[in-house]
Amino acid sequence: MNLSILILLPLLTALAVLLARNNNQVRWISFAGATAQFILAFVLMYLFREERIAGSTQQMLFEQQYNWFPSWHISFHMGVDGISVAMILLTAFVVLAGVLVSWNVTKMTKEFYFLLILLSLGAYGFFISLDLFILFFFLEIAVIPKYLLIGIWGSGKKEYSANKLALMLMGGSALVLVGLLGVYFNTPARSFDLLLLSDTGISREAQMICFPLLFVGFGVFTALFPFHTWVPDGHSSAPTAGSMFLAGISMKLGGYGCLRVATLLMPEGAKAYSTWIIVLSSIAILYGAFATMMQKDLKYINAYSSVSHCGFVLLGIGMLTQTSMTGAVMQMVSHGLMTALFFAVIGMIYERTHTRQVSEMGGLLKVMPFISTVLFIVGLCSLGLPGLSGFVAEMTVFVGSWENPDPFRRVATIAACLSIVVTAVYILRAIGQTAMGPVKESYLHLTDARWNEKLAAIILIFGIVAIGTAPFWLSDLINPGTELIMQKIKMVP
Amino acid sequence: MNELLTIMKSEWVISLLIFLLLFIKLGKGMKNESLLLLIQVLLLLNFIGGFFFNTEGSLFAGMYHSTALIILQKNILSLGVYLISLLFADWFKRSEHLTEYFILMLSALLGMFFLISSGNLLMFFLALELATIPVAAMANFDLGKKISSEAAMKMILSSAFSSGILLFGISLVYGATGTINFAELPAQMNNGPLHILAFVFLFTAFAFKLSVVPFHLWTADVYEGAPMATTSFLSVLSKGAVAFIFISTLNKVFLPMQEIWYNMVMILSILTMIIGNLFALRQQNIKRFLAFSSIAQVGFILVGVSGKEPESTASVVFFILVYLFSNLAAFGVAGIISAMTGKENVNDYKGLYQTNPFLSWVLALALFSLAGIPPTAGFFGKLFLLTAGGTKASYLFITIAALNMIVSLYYYLRVIRAVFMDKNEEPVEKLVVNPSARLGLLICGAGILLTGILSWVYDYIQSLC
Amino acid sequence: MNGSTIIFYLLAALILGSGLLSVTTRQIFRAAIYLLFTLIGIAGLFFWMEYEFIAAVQIVVYVGGIVVLIIFSIFLTQQAGELLPRQKPTRQLFAALAAFCGLALTMLQVNQYTFSKTTLEATEPTVANIGRQMLDVNENGFALPFEVVSMLLLAAMIGCIVIALKSKPQTT
Amino acid sequence: MPNTTYIALIPLLPLAGFLLLGIFGRTYFKNTSGMIGTSLLLASTLLSLYTAYGYFFDYGKVNGVYQKLVPLQITWLEFSKGVSIDMGIILDPISVMMLVVVTFISLMVHIYSLAYLKGEERFPTYYAFLGLFTFSMLGLVISSNIFQIYIFWELVGVSSFLLIGYYYDRPSAVAACKKAFIVTRFADAGFLIGILILSYYSGTLDFNTLIQKLTNPESLELKAAVTASFLGISALTWGLVLVFIGGAGKSAMFPLHIWLPDAMEGPTPVSALIHAATMVVAGVFLVARLFPIFALSAPAALELVGYVGAISALIAAVIACTQTDIKRVLAYSTMSQIGYMMFALGVSKYGGEDGLGYTASMFHLFTHAMFKALLFLGAGAVIHYIHSNEMKDMGGLRKYLPITHITFLIACLAIAGVPPFAGFFSKEEILLAAYHHNTGIYYLALITSGLTAFYMFRLYFSIFWNKPAQVHGEHHGEGGFAMMMPLVLLALGAAAAGFIPFGHFVSSDGNRLNSAFHLNFSIAPVALGLAGIFFAMWLYKKQNDRPDKIAASLNGLYKAAYRKFYIDELYLFVTKKILFNLVGRPAAWFDKNVVDGLVNATGNTTEYISETIKGLQSGKVQQYAMYFLVGVIGLAVLFIYIWKF
Amino acid sequence: MMEPGLYHILFISATLFFIGVFGFFTRRNLITMLMSVELILNSVNLNFIAFNKYVWPNRLDGVFFTIFVIAIAAAEAATAIAIIINLYRSHHSIDVENAEEMKY
């Protein structure tokens, strides 16, 4: 399969959106584009599996390389392994749902969809690039759409949040940039090519410097404590689809980067700094969970819980066992779907009740059974109910983390395990106060979800349940990728 | 004699244009509109012609030399002048001294051509003056406005002072080495104290023209007071030309003093980025804002300068090209708004998007490019500068540079926010953009979008270095 | 101590003394006159160094041109017989300090450096030599700078005309 | 072994019901959903009976020992080599027994609910949830993998949550379902860590392998698990204790029992199914599942199980004596009875006669399911009639609810251990086991057994006697066939189940265990039980002020018991005061003010500096030149004198 | 006193240079500032001639430099004066302290 289609398709969609004549056209074009991308993602997965079953053992499949800035040894190098395929699938899900959920955005519709699709373009590009330069290119491409989405279509203190988000993410990518340059100049190859770099290796001294730069840099995207403060504000101010993309896709860029770039290229660094990663991510998990408990705004609840959940991603990476890394990737996918759904639901509720304060709602189950049911599902997924994706991912991380007998890691794992209790507390509080309880008089006339919202929710729920009930397809997809990283780590003395 | 014509072709063309304009002026028969159109066409022809019939070589015993890279640099500058003639059409049309303005501008351009072709210190000095004094006059072309004269005064006095410093430095170099030829100098230079002193004098003159902190203080005032066209000429072309000669001088003439200038560049680069950013943070006037932002940009250029050849030259030239598009687009939009409404404050831009989406998008693109956001060319430009700097630099230096990008993003976003997000009861009214200005903005926009992505632009530049 | 030396020191005293006065006096005409003296002193020094042509140029251009220009502009801009405003003492102090530091630094470095005269054959600074080289395009020729300067003067002239001669006084 | 994959259908049929009714119920099966759910479950029940028959009488026994059969196992998620979650079915005596119990009780509840919840708006949802619960519970009991059990464990928890919160618009129900979920969740975290420990040392998650590895004294895994220690306790013990915490949470053992009484907010049939007969015994089942490891490798952990069970049994019984809400009384009684089962396991040994406790525990589980479900359903009938849970609103109902009255009485006799009802047999075995192995527990159990009889008959008399009969409006009788049939069937079970020779089928090691009947031994508990009954009769048969007087004389104790020994308050204190105020609030504050504050401070500092240095740009060209010169001198000095090359 | 030579002239020129600089820093009248600039440029001329005479008589670089510097000085002075006059027109003052409308 030609991977450039993955980039070209959103690009064309975006252009088509620009050329569209009215809002309806914009919507349908975006929807068509997102659907095509969705199908494409599945096709990609199918072809990928076929290749693997056919016995292809290459690290990356469907590799393609075009020269781009040959003087810097930059090439447009694309390729996917299971991890990327998983992330691409995630992106496709979230994008499609996001497009559907935004169906009745009336303010500057064209621009809105254009930016959404641009964002997805960034994500797709990021996940398929095998050249660090391009990776970085796509990483940054997504920052401004986020800024504008929040700033223009957001709510609350949107300018502040948008600024904070853009600046912190830029800060992260600035560190990434320095790290990348460090990598670039510390290999004999003078190359940005991921595969080449991972083959040639980087000197230990350079790893000691570049690993933290890259990890923290990418970590900012994944809400690494204490660089997570853009998350609550950014997510809560963003429009629905914006939050979905932010939490569902954008935060995953960081996790993917931590794994694919930082850890794969610099196993020694990863090993040396794993203690720090674990400390920070455990703090994020627990602290995020406790902070969530005190939130009163639904979006803040989900945003802080994202901090906590993304902590699992980093924890999984930091534990440096294959299972934990697989778990980290699964957690990325799972959290992406789940949090996107959560934000979608919050958006639906907000659109109807015009409040996001938990205390002001009640009994929504009565007036909007569909939306409330989705809220239940996503809440249960968030607290790790078996059969939904969250459980699978978290358990994989736990089991993986436990594989390392070091007492310190044990303690961290136990701390992480305990967070599931706190998660239950805040999720149930949120659900209990919104969906359950006596219904408010003024809500009685409210309506349930429309077709587009239902479709969006169903798509995401499908993803969540598919992972939750049949996780093996996902883990089979991911495992070879993490295995390779593990091999690198194991070679470190 | 034929050689004299071909090698110095671009200078000849510009001189011809100057004289042509002089004749037109003396003839006194044309309306501003048609005259402007004529000038635009001529400048376009000049730009296009710049790509043909080029000969490399050196003349006047090495006093003048031309290489493919220099020709490219000249073409970039020609393009800049052409764009300026397009973008500020509104202002030009109302100007009483259109011809004179262009004569001065072309003289300055001629000075820049000589500057980047110069092969000895005398030529360098003269060309520098030729590229400066007319610009000072150009700064005063808003004749009725006090700040315009103030700006011109600040510029001419400061540059006279800096010329004095430069000349003193040149005299010391001359005294110490006995030559003023670039070709002979490297053999004579060393790290002796007097050489360092002389070099510092010379270096600061460059720094002054490039507005490197702490030699930058004239910049903002002059930018603010001068007419928009002059400001953009100053900020893009003057800076570009000086940067071109700066990097080639450092790498050719002062090669023996490499460690010294490397560290000097590094220190000043950090200072420039930080100070430029800090000042840009709190500017309200869009020109002043762009002035400080361009100071910060110079800090980045210096990062590229500090690198190893040929990457450093290539990245700097590429960045100047990108910067030309971006900054001209920004100034172009600001110029259109200023010419039509007289509004120059960032706050006046609030709600611009509702009334003028085209201008807003171009402005946004330009600012993103300046901030180094993909997929604009500015991203590539900045990245290549940093990478070029990385060939030599320490992590700390690059990290500081990268972190400064955040601060700069902050203030660029401030404008973006005003344009796209802030509500305004009385936004700038819907403007009818002059077609030529529109063309100019479109060219800039296309340049911003394409220069980076089409990698052959950079590769072409790199191949010349 | 011979006559040449005495003349040198006299010239030096003239140059520096009137130079200093020219930047310190509070009467602007006097400042211009002191400047004139300095310039003449420098011309004298050129004579002393046997660079007659340069001395002549100095006198023609500077004394005949620039100083006259300056005096004219003083006429144009100066209100009747006012003393020049005094600069703030702190500024004066810092300026003096900075200038002195610069001077000290420069002299220190210059004096530490041994300028050794070249052994190559000398080219006499005669008018003939200068004139020939000025228009020569080959080795040691300065035709190109000459052209550049002429362009510069042209541009400056045009600029001056536009700015100085023709403007509607608007005080906004 | 014959092909037994059809067993998978047993849990899958209810699941199908859940999906069908959950997704389409509201639109398509508004009225028929009850029948759909019931018939699916009926199929399930028949299948499990068939399975039980097949297992116990056909292929289950090899050489006189009941085998652990795994007819189906698929890898669901592989973590690493050997460590994988397998979805499978394990057939052994307890799982088969549980299959029968769960499907049977669930079927009864399904039928009962047809009438009980008739006309409810969320009728389809209710049946969907019931289906989900049954699926989860069945999945739990047939789990072949410790992680699988955890998965279904959680699912059971959530279906319990959903069912308790069925009346979602009642704040008390919402609070109750949250409480139930969170408390059990807390315990589950322990379970999870326990699983992690066990799986790490054994290198597997599969029950059979796990048990094999951790009970074989020769195996390296066991040695590693025993030698590794934390706080002086071996890793294995830790693991098992943590697993037991999970079990204790679900089984409402002290001190994790606080959710159970509140869970009575759910519809009464649900209480019967989940909080009496099936789910709450999951903890017992879990311990039984891992019993070989407990008994053979970590007796200390088993001892803990015993004490926790005994204490829970006693405390619950005491509290039950004071409660006035009939469902709460039943809830505490449930807790007390589960305590019995727990300590029965705790006092048991592995294999042979010493394994009596194990058998007794399972036996009691079995009988308890019958009579407790019956009690709840009976209580449901009463509530259905009275529309109140409070004892004071009841009295003299025996005339109006004759069938309910009789069946309730049977159940009360059964639970009080009056021969020849089912409870008698199982309880005797438990007491016997305790007597042999731990006399302390035995005496606790004995007291509890007396108390049990007392509070059950207090309940019985308060409902059916006490006050003179009152007519409660124009009433609909006892609720019809759908409600009465389960009562009768269960009453039959409660009366007769004791005669099943349970030891023949279920024992700790699969061998046949002949339970001898010791008449002498039975005298004490039966006497105590009868004493309790008569005391209750004396106090409550007629309306009088004796109970109040006694309550007053026992003021402190009574009040403490009435307030459930303030355990709820303690929890409230821990969660609200400590977790929320001392952890959550500071964390949120810290985030907002310190972490975020730092971010903002960076911005503000930058702006501040920017404001401070604006004087550099003074607008005075002379000053600019001065800075210029200073820059020149500075650079020159720096590079000539300081930074030399 | 010593025989006057290169270093003497260099001293004179350097001193003159910094006198000019001092004047540039302290004079408030724009025309006097311009005069200071002339001093600076002249001092440089002295340098060039002195170097040409005492160190590098082989070529006339210094001489030519001086000539061109004089020319430039003229152009610069002319432009500056034009600007100053213009400023005076709009401003009625050529005090540099009054020309600081743009700052910060």
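Every chain is named by a letter (A, B, C, D and E) in the order it is written, and numbering of its residues begins at 1.
In this text, a residue touches a chain if its C-beta (ideal position, glycine included) is under 8 Å from a C-beta of that chain, and two chains touch if they have at least 3 such contacts.
Not measured: the values here are computed from a predicted model.
Which chains does subunit B share as contact partners with subunit D?
Joint contacts, listed by label: A, C, E.
Which chains touch each other through the most C-beta pairs?
Greatest number of C-beta pairs in contact occurs for C-E.
Can you figure out the chain closest to the middle, judged by Cα centres?
Located nearest the centre of all protein C-alpha atoms is chain A.
For subunit C and subunit D, let me know how many angstrom lie between their CA-based centres, rounded off.
101
Could you work out how far the Cα centre of subunit A sits from that of subunit B, in whole Å?
42
Calculate how many whole Å lie between the centre of subunit B and the centre of subunit C, each centre taken as the average of the chain's C-alpha atoms.
It comes to 31 Å between the two C-alpha centres.
In angstrom, rounded to a whole number, how far apart do the mean CA points of subunit C and subunit E lie?
The computed centroid separation for subunit C versus subunit E comes out at 5 Å.
Residues of subunit D that touch two or more other chains: which are they?
Each of 603, 614, 617, 619, 621-623, 625-626, 629-630, 632, 636, 640 in subunit D touches at least two other chains.
Which subunit E residues sit where two or more other chains touch them?
10, 17, 20-21, 24-27, 33-34, 50-51, 55-56, 58-59, 64, 68, 72, 75-76, 79, 82-84, 86, 90-91, 97, 99-104
Give the residues of subunit C touching no fewer than two other chains, as numbers and ranges.
91, 94-95, 98-99, 102, 105-106, 109-110, 115, 118, 140, 142, 145, 149, 152, 156, 159-160, 163, 167, 169-171
Run through the chains and report each pair that touches.
Contact pairs between chains: A-B, A-D, B-C, B-D, B-E, C-D, C-E, D-E.
Using the touch definition up top, name the residues of subunit D that touch subunit E in the complex.
614-615, 617-622, 625-626, 629
Would you pull the subunit A residues touching subunit B in the complex into a rising list?
My answer: residues 67-72, 74, 133, 136-138, 140-141, 143-144, 147-148, 151-152, 158-159, 162-163, 166-167, 170-171, 174-175, 177-178, 181-182, 184-185, 209, 213.
Under the stated contact criterion, what part of subunit B meets subunit C in this complex?
Of all residues in subunit B, those touching subunit C are 4, 15, 18, 59-61, 63-64, 96-97, 100, 103-104, 107-108, 110-111, 114, 122-123, 126-127, 129-130, 133-134, 136-138, 140-141, 143-146, 152, 172, 175-176, 178, 192-194, 197.
Okay, in this complex, where on subunit B does subunit A touch?
Contacts found on subunit B: 311, 314, 368, 373-375, 379, 383-384, 386-387, 390-391, 395, 398-399, 402-403, 405-406, 409-410, 413, 416-417, 420-422, 455, 458-459, 462-463.
Where on subunit E does subunit D make contact in their complex?
It comes out as residues 21, 24-27, 33, 96-97, 99-104.
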